[in-house]
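This report refers to the structure that appears directly beneath it.
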């Protein structure tokens, strides 16, 4: 059996052969659908072992959760690749393939070594994607890469600590180094305080890159969190705080993609809570939510992309174009909005319900309600700009067919899952035992949404106000400044005087010798 | 301790002191020369045995000094001589390019 | 084991013959360079293949009375670096060097002979002599561009290096004085009865003297200067071979003469590890400040030496393997970086960070090679630098040096900051139209060769590791080494 | 020790002291030419010491290389760098 | 403030050096109290003459027991000569002020043949008496140096061209290695002369000691040519 990840990686190499567009399409189509089909027919329980250095590594291991994640990853990979295939250059497409391939390998790995390697490969490929894709994103890419590198290195340090404590590289035996795993995962998840890379990256890079990045980066974090850190209850509160922070920040944005990226922080909060509970239901809920979230957030980013592509602008005011001139896109927006707000009969509802049912503590349940409320509030803002505001912007060009295909494809899947929530359960043989269409559940699911509509209508003038100025303080930039300052001081000491250098040498000798006495 | 060894140590560190302290390039080379000489002197002192004769055995001698350090000393002398030649050539070049013999003023390379 | 002595003699003979041929015929000159290079490669492979179990070759057939050469896995690993770097650099510089080309090649051959001598010899004074041979040609190669800066840097290098050599010579003399012999094995046996204080003083003199040539941090100041001012092919050899031969000699002395028990007892292992950490932290911080790429790479070399020092001073098996592997890897990675930079300099006279802006689009494959080597040297997977760093960190944790292991990761991050800066500059578009002298295939091929090794050794590290895995046997357990050297 | 040996011993020690004096003078004098000439004297004393210490080979080598050639090199250098008068 | 700083730095440096000196003094003092074995040199002294055929033990150590060192140091000189030669400008530079009296001119002319004889003597009798290749080579190098001083660089280089010097240097070095290789051809190891029994002869005779006289000759040629080249380069420098 072959990993779907390696198929993508091989695809990145095969793309060197793509001399014209036709071959490019054929290769991409074969790779993406091939990976989807392979993932679909994987049998849980399979694992492959190889020997490397002195370790026995497991580069490929399948179980229910990884198959589920792999399915959604390959599915959305198919959509994302076709969404961007016309716009992106060949080298960027290769990087996208590399990125998708390494995240798939992370999902199917069975040990920490391979996990780390492909974690880093993800980070490298995504950073180079950001750096090379446009002239405006160099600094963003720099920041992104460094931030992700900190995450990767703390993962590595955690791996080392765990390895020295347990003597094994297995994913199942995590005993030491948990704080470092937390930092690593936290950065990938854009956890509060570690999130600084996310809004600026997602809002600056070209829209198709945002689509690709938003599918994988945070979700791989969720998956790895499940593997390494599941069942740490305290983290549930942390996830709650992070999510509420995401809501507050999102409500202050006036740029579409910044709003969407802060909303990712909120949505990831659900998954953190689900995983932290540690019960089977919680984890299932988290992963179903992951799937749903990938679906609707990808659609929303694609919508933002269509707006940018057609108008060249990306402020919330420019969303007005959706209402009248882009029918398919508008429909998709509405569906995604309903889904993300947790309205029954849409897919967001089912996973939120599972998580809510799995919760025991009242604080968390109320927090979850608050999160749903905030989410729908911020997307009401989105909808308000899209449909209730008059705009007279014209289309510069029409969206390409491949874009609309990708968009429509995901929307249909979303609707399918929403109408028949048991689809996912049947697909993955996980039984949650919840009747989604119970009236009580549906009522409690729709309550936050209704409240948010009321609140939005009442407080409209505060919510749609533009917060152009708000305090932006980034502690990491301050640290970098200190580093540069120290380096400058040090380089001043290298003033080219030979006698000074010789003096250093002699002093070193003295220090060495005085260690003897 | 015998005086010659003390002299060797003093010479060694006198040379090092010159290399560190002196601002004049030629003086630095003088310091290098002194250190070299002190090390050669040390080698010869090591080889010496009281009452020994030079290691040229045209007859049978009672006590012959150690030939190995003397051979090493020869090697060291030659290496030192070539080092000093290269150094002086560089000093001349530096003087032609920088117009100074002050070691603190040859500092185009820094940072 | 006849071929061991040829490893030293062939470059020397070639250099001498080249010195004569240079006067008469250019054609003969180049054909001799090529022929001797090919034969040399063959010889190196022969010796490397035959390195386990170690072999002894006695010069003049004097046995223990004279000078002995010894080939074990450690020296074989070093010969492998020579084989990889020397051949590529010679091919590269045949086209690259424009001024004083003959002298450059002759001096390079002499330098290789010196380094091979340092690597193979098992005699203390002989080590000093060959050290001087290699350093002498290094001074010359540093000054070979004859610009103001190269003269200045050569002088600084000369004075500081001589300063270190004095202490090496002093320690050598004292060792002879104490033991009455210069053969490393016999010294090691005799040293068992020497008082602790004297032994450790001698050891510190050795460490200090070689430390200057290695470039550990407060002793490093000459090094970036020499990188900035010397021709780029020499920089490859300097970072790959000259520095490394010094640390090779130091490690050989410490582990063989003094023995690992003494090293543990005297605490030098702790000092060495701490020193390595200090070295790479400061060097990384300084490297960020540089605007000249040669200097930047120079500081990066110093930093990598810090990692190597940590690995080799850990005193356990994995550390030695990791450190040795990193010596090999760093030679390859830094060689690639310098050769790419060399091509940039050759075609556009670009060696400042500002000048290379936009070259990623003009030389796509070369820039890709640069990126690969840069990521490898930072220590990101799946390249070779990652494997050796992994080994070093694992060894550090095993030996209980948690702080060193942690700081290696910090250092990885710091090195990413400045390499990423360069890479981003490389891929920033610019309007500037610059005159391009097209680089030849003979310049590109060696570069790609080294670059592909970066990837190859990262994915299949077992290729070099099968050689390197034998190293600790004869370093950690010096009685084995001594037994073979004494002819047992 | 016999009488002759004592004399040689005394001479050796005196030469050592001289050696120190010349070295110090060579280092601390302001005039470079003086310094170089003192260095020649330094080498000369060293030669005598080598002879006393039964090392004729080293003495010869020091004579021709240390005293002879090096001195010549120094003189050439000083000649080429004319400003040796003002430190 | 800066003056105080300067004085402080000066004292700091002096203190450093003093510390080192005192430290080494103690170490030497301790070393002196040890009893030292010298079995290697005792073997050389007792067996060296028979084994190598050379009376001068220093020569036998230099050219036979430790001949490899000698090869190394010959290489150092070659490197130094090469270094200096590429640093010199191509154009000829006038010899600096050499206005000697007629006495010195004449003396130098007369001295030259004696120097040749002396140098050759030192080289060829290197294995019997003090001297040897290095010293003899330097004496031979004195001749072109004196010629340069006397008649100026142009004349000197006309008589003995730089190319010839480097040719001689190369021949010397290659000769040394080839002589060493004779040992391999004789079935022994590199640089074997005593062990390979190259007509050791009677110790004390001119033709004895195997390869040592020839090695001496080669080193003499090499050192002589090398040092002459170094000198001329230094003169032309700048």
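Each chain carries a letter (A, B, C, D and E) given by its place in the written order, and its residues are counted from 1.
Going forward, a contact is a pair of C-beta atoms (placed from the backbone, for glycine too) under 8 Å apart; a residue touches a chain by one contact, two chains touch by 3 or more.
As the structure is a prediction and not an experimental result, all values here were calculated from the model.
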Walk from chain B over to chain D along touching chains and report the minimum step count.
-> 1
Name the chain whose C-alpha centroid is most distant from the C-alpha centroid of chain D.
-> A
Compute the centre of every chain as the mean of its C-alpha atoms, then state which one is farthest from the centre of chain C.
-> A
Chain with the smallest distance from its CA centroid to the overall CA centroid?
-> C
More contacts between chains, A-C or A-E = A-C
Interchain centroid distance [CA atoms averaged], chain B/chain C, Å = 28
Using CA atom averages as chain centres, what separation in Å is found between chain D and chain E?
-> 19
Distance from the mean Cα position of chain D to that of chain A, given in whole angstrom = 78
Here the gap between chain B and chain E, centre to centre from mean Cα coordinates and rounded to Å, is 15
Multi-chain contact residues (two or more partners), chain C | 125, 129, 132, 136, 139-140, 143, 155-156, 159, 163, 177, 182, 197, 201, 224-225, 289-290
Chain B: which residues touch two or more other chains?
-> 10, 12, 16-17, 19-21, 43, 54-56, 68, 70-72, 74-75, 78-79, 82-83, 85-86, 88, 90-93, 95-96, 106-109, 111
What are the residues of chain A that contact at least two other chains?
-> 491, 494, 496, 498, 502-503, 506-507, 509, 513
Determine which chains touch and list them pairwise.
-> A-B, A-C, A-E, B-C, B-D, B-E, C-E, D-E
For the chain A and chain C complex, residues of the former touching the latter = 53, 116-117, 120-121, 124, 128, 131-132, 135, 138, 141-142, 145-146, 149-150, 152-154, 156-157, 160-161, 163-164, 483-484, 486-488, 490-491, 494, 496, 498, 500-502, 504-505, 507-509, 512-513, 515-516
Along chain D, where are the residues that touch chain E in the complex?
-> 56-61, 64-65, 68-69, 72-73, 76-77, 79-80
In their complex, what parts of chain C are in touch with chain B?
-> 125, 129, 132, 136, 139-140, 143, 148-149, 151-156, 158-159, 162-163, 166, 169-170, 173, 176-177, 182, 224-225, 228-229, 289-290, 295
Per the touch rule above, chain B residues touching chain C in the complex are 12, 16, 19, 25, 28, 32, 35-36, 39, 42-43, 46, 68-69, 72, 75-76, 79, 82-83, 86-87, 90-91, 93-94, 97-98, 106-109, 111
The chain D residues in contact with chain B across the complex are 5, 12-13, 16-17, 19-20, 23-24, 26-27, 32, 35-36, 39, 42-43, 46, 49-50, 53-58, 61-62, 65-66, 69-70, 73-74, 76-78, 80-81, 83-84, 87
